Amino acid sequence: MLNFDSILAAIAVEIRPLFGQGKIADYIPALARVPNEQFGIALRTADGREAYAGDAHTPFSIQSISKVFTLTLAMQELGDRLWERIGREPSGDPFNSLIQLEHEQGVPRNPFINAGAIVVADRLVSRLPDTQRAVRQFVSSLCGEEIAFDEEVARSEAETGFRNIALANFIKSFGKLDNPVEQVLDLYFHQCALSMSCVQLARACAYLCRDGASALRDQRVLNERQTRRINALMLTCGTYDAAGEFAFRIGLPSKSGVGGGIVAVLPDRLTVCVWSPELGPSGNSLAGMRALELFVEKTKLSVF
Amino acid sequence: MLNFDSILAAIAVEIRPLFGQGKIADYIPALARVPNEQFGIALRTADGREAYAGDAHTPFSIQSISKVFTLTLAMQELGDRLWERIGREPSGDPFNSLIQLEHEQGVPRNPFINAGAIVVADRLVSRLPDTQRAVRQFVSSLCGEEIAFDEEVARSEAETGFRNIALANFIKSFGKLDNPVEQVLDLYFHQCALSMSCVQLARACAYLCRDGASALRDQRVLNERQTRRINALMLTCGTYDAAGEFAFRIGLPSKSGVGGGIVAVLPDRLTVCVWSPELGPSGNSLAGMRALELFVEKTKLSVF
Amino acid sequence: MLNFDSILAAIAVEIRPLFGQGKIADYIPALARVPNEQFGIALRTADGREAYAGDAHTPFSIQSISKVFTLTLAMQELGDRLWERIGREPSGDPFNSLIQLEHEQGVPRNPFINAGAIVVADRLVSRLPDTQRAVRQFVSSLCGEEIAFDEEVARSEAETGFRNIALANFIKSFGKLDNPVEQVLDLYFHQCALSMSCVQLARACAYLCRDGASALRDQRVLNERQTRRINALMLTCGTYDAAGEFAFRIGLPSKSGVGGGIVAVLPDRLTVCVWSPELGPSGNSLAGMRALELFVEKTKLSVF
Amino acid sequence: MLNFDSILAAIAVEIRPLFGQGKIADYIPALARVPNEQFGIALRTADGREAYAGDAHTPFSIQSISKVFTLTLAMQELGDRLWERIGREPSGDPFNSLIQLEHEQGVPRNPFINAGAIVVADRLVSRLPDTQRAVRQFVSSLCGEEIAFDEEVARSEAETGFRNIALANFIKSFGKLDNPVEQVLDLYFHQCALSMSCVQLARACAYLCRDGASALRDQRVLNERQTRRINALMLTCGTYDAAGEFAFRIGLPSKSGVGGGIVAVLPDRLTVCVWSPELGPSGNSLAGMRALELFVEKTKLSVF
């Protein structure tokens, strides 16, 4: 049996030489001022064992990792109808998704690019009254602790998020957004501003390695088939333009955020969350990616 | 000497079979309810002779033709510095300019695509206090009559202009827009809502065939070189994706608008303005394009 | 323990209503004249159990499935240096890879699109004298039977393969092809013309579910890490523009060919090969895709 | 009346500081070894006056200027049917035409990009037996002197022309090339290898400023309408991605070649040919572009 505590502790040491080699997201002050020499890692097995190392209890801005939670909620609410407005293919575009939105008439390629998450947010706004509260409560219930929005981050995102405002209006121009742009983006900017630690995220995402059953009270979050599908999407589309590289080097369904967090899943076995604020050239946490690679090397755990 | 009155009268008859074959712009109600069986044509020679036929005194929404006026103002204000933020090449993209904006980091290909005109509007907002009034006064002074905004059109454009809002935010995301998006678009939506007749437009654009001297009081609007340059831009970029087709079939620098108007210039000789609300597949007035083609056939006047 | 014989037999019945609903590849006569109402399925477990149903012994043109074999050979020969000339990301382009080749200066996105396989072929031509024979012998040794090229298919591919000739010359124009285009394409057209049955393919690909050890004499084909990487590439890039859909619906690393074959891998467990000549809109075998989906539903085996 | 001799002489002096600032086309040895400090300029008025300065009698490789001659021949042979396979719009793509060929299913945007000229060549091969000889005789008859192919250049083009081979095969893959790729490209590579001087080119192109009547025996080459159309195409598409810049700065229909030549037309007035082998960033002759700009400044002759 693997000794996860010592494996994670070793990883937390091995990644240290990477401090200083990446670049912290600096498009908003609240992210820019996060101290760079931080690294946390936490895992939770399907049967509830937990292990962690480093800054695993420090909360950080989960940013795009929130797309997993809103997608899950939208699958609960809409089932397969969700896919009428979003694709499931990797975006593959070195530039960005606006080009593909244009080619494909306002239908984002997948729910993990910004355009796709904005469409997911629009679907939730249509279904859930007080949507922000619903999202926060859902995530809180998943990890059994009260999770909060970092309102300063949410406000900064709104003030500087011209590209996301452009995306939302562009989708709206194709008639593919039902609610007012401001309302949809307000949810989107808030979900990105959820503040969580590695331990909380590993716990909250436990349903992804448990065929859809939540960590804490064994509640059914999704059915088995839906859970498999989220994992498939994370593997093919969860890490921006580096999805192929992730699959190739790490081989675990993963979702990353510009706050430096990455959640990874080994179906039926465990979830693992890493965090370190400096990003590599692909926009994923530099030490985080390396940590996951080390984890797979040391444990031989991978879907492939 | 050409008898322009009889030539224009003949054209107004010859285009009649095209009524019913195009499609009126219907994205806002104020445009959609314009009666389709209308056609006007007016010309003004460099030495001040005027001729017209059909509905040449009926005001219509000039829409993108306004881009000529704002470009002219911006050239007055900024000279060659204007081109730091806008290119001068045809866009050539069958889809739309968002793709090119992305490839070219927020620098629109030319001032006659929407993205380019939005950047021009931003430059004017920076330079001219009460910019809307300045634009309206400039156009009024060019044709010697008070020209007004159609406020209903301006409001509708603002309410439904998601693509333009997307464009402006996208440019802003590249740091290439100095003023708030709302302020820039307020000017843009108003300039498109200027209401003018063929006779007024032929007169207002007279400086384009007079080396930069205005029709009425011989005022210098632009210098000779700048005037040539606007004509060059109109020829290569003035009619959306049909610029090549216009040059090929008509051979006059032209600028069209979705309201159905087209202004064309024969340098040193005349300006001509046609209007008919039904548009062809390229988004240019169907009868208007045919009228210009007939005009060139009958007069042998063309730059080529 | 799963009764694979009865599961495969059931699948072979269940897919029958799909006959007639797809379209056989007809760009060359030798493929066009294959009778459509055929379906085969074969699997081989990591420990050597085999099962099959339907036309599992009928040889067909393996086409792009051959890319797995040449990639394997190239990884043997070049190790990580192979990746200097080929990427590992999904292509994501609805159109085709020429656009991306252009954006990325002659470096194909991954080894499973045609451009990538042509670059792999060039690498092999540089390393292996009598490359065609080497490829054929490699595949023959993997399945323990003499495998042959269908020379008529190879000839037809060469006569009509204008797009592949374009791709190869385009890559050459970027200086990214070391050998003469004709020689590289001769290999490429031959590898696509390998003729194999489902049983043979399931056996030949066994190393992909056995950490790199071949089915027959337990020979090391690749090391464990390399094997995982091929599986990762198959999952993210193995089925043209439908890779996301495959991952989502099936969840097994897969490689398909226009001859109607698909090889799929469940690491550590089994390889399965399906074949049915009619293709669906994504260019993958219609009945083959459905068969894999049924297989996963019935066995609950998937990487996710 | 303008004194062209002194104007051209002055220009030949004024451009000298540009020597050394551009880059000679070096993709084939025969072009790479042309001495760089050369400049020629020649003009011919519609009524037959000629003037020249500098190296106006030195023959050079006309390269893409030949596209004007083959287009003219194809318009003679096919009239408007020619346009079934070629567009007339600027390409506008900063990269290159392969992308647009793909978007537009093998129909090149215009006859002056390489893809378009290859389609023109295919049309000529279908219509004219011994096509190369026909092209050479046509050009020779236009300037009243025997013009020859530089066979070394033609051979080098063929040996290194991978991108053109790619283009031709790509068009063929869409079924838009009737003749074998080799035969079409043999013509294309030869037409580019025609060797002519500025004086010869100004004379040969005289029909473009004479409503279609040739310089020497007043022969009808094209009708008036066709001639206007070639001029329109030269203005909008004749100088690669710099067509807008040319129109803006120079304002004359122009066609350039990588050999350093540029032919420009002022309809009803004159043709002018400049040559200097060093190219600027847009692939057009650096001194040649400046010379045309000086010419327009000094003479005030421009279509705008």
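A, B, C and D are the chain letters, set down in written order, and residue numbers restart from 1 in every chain.
Quick note on the criterion: a contact is a pair of C-beta atoms (placed from the backbone, for glycine too) under 8 Å apart; a residue touches a chain by one contact, two chains touch by 3 or more.
Just so you know, these numbers come straight off a predicted model, no measurement behind them.
Steps from chain B to chain D, minimised over paths through touching chains, total 1. In whole angstrom, the spacing between the mean C-alpha positions of chain A and chain C is 32. Centre-to-centre separation of chain B and chain C, using mean CA positions: 55 Å. Averaged C-alpha coordinates give centres for chain C and chain D that are 47 Å from one another. Chain contacts: chain C has residues 103 touching two or more partner chains.
Pairwise chain contacts in this structure: A-B, A-C, B-D, C-D.
Residues of chain C touching chain A in their complex: 87-94, 100, 103-104, 109-110, 227-229, 231-233, 235-237, 241-245, 247-248, 251, 253, 267, 302-304.
Of all residues in chain D, those touching chain C in their complex are 95-96, 98-99, 102-103, 162-163, 165-170, 172-173, 181.
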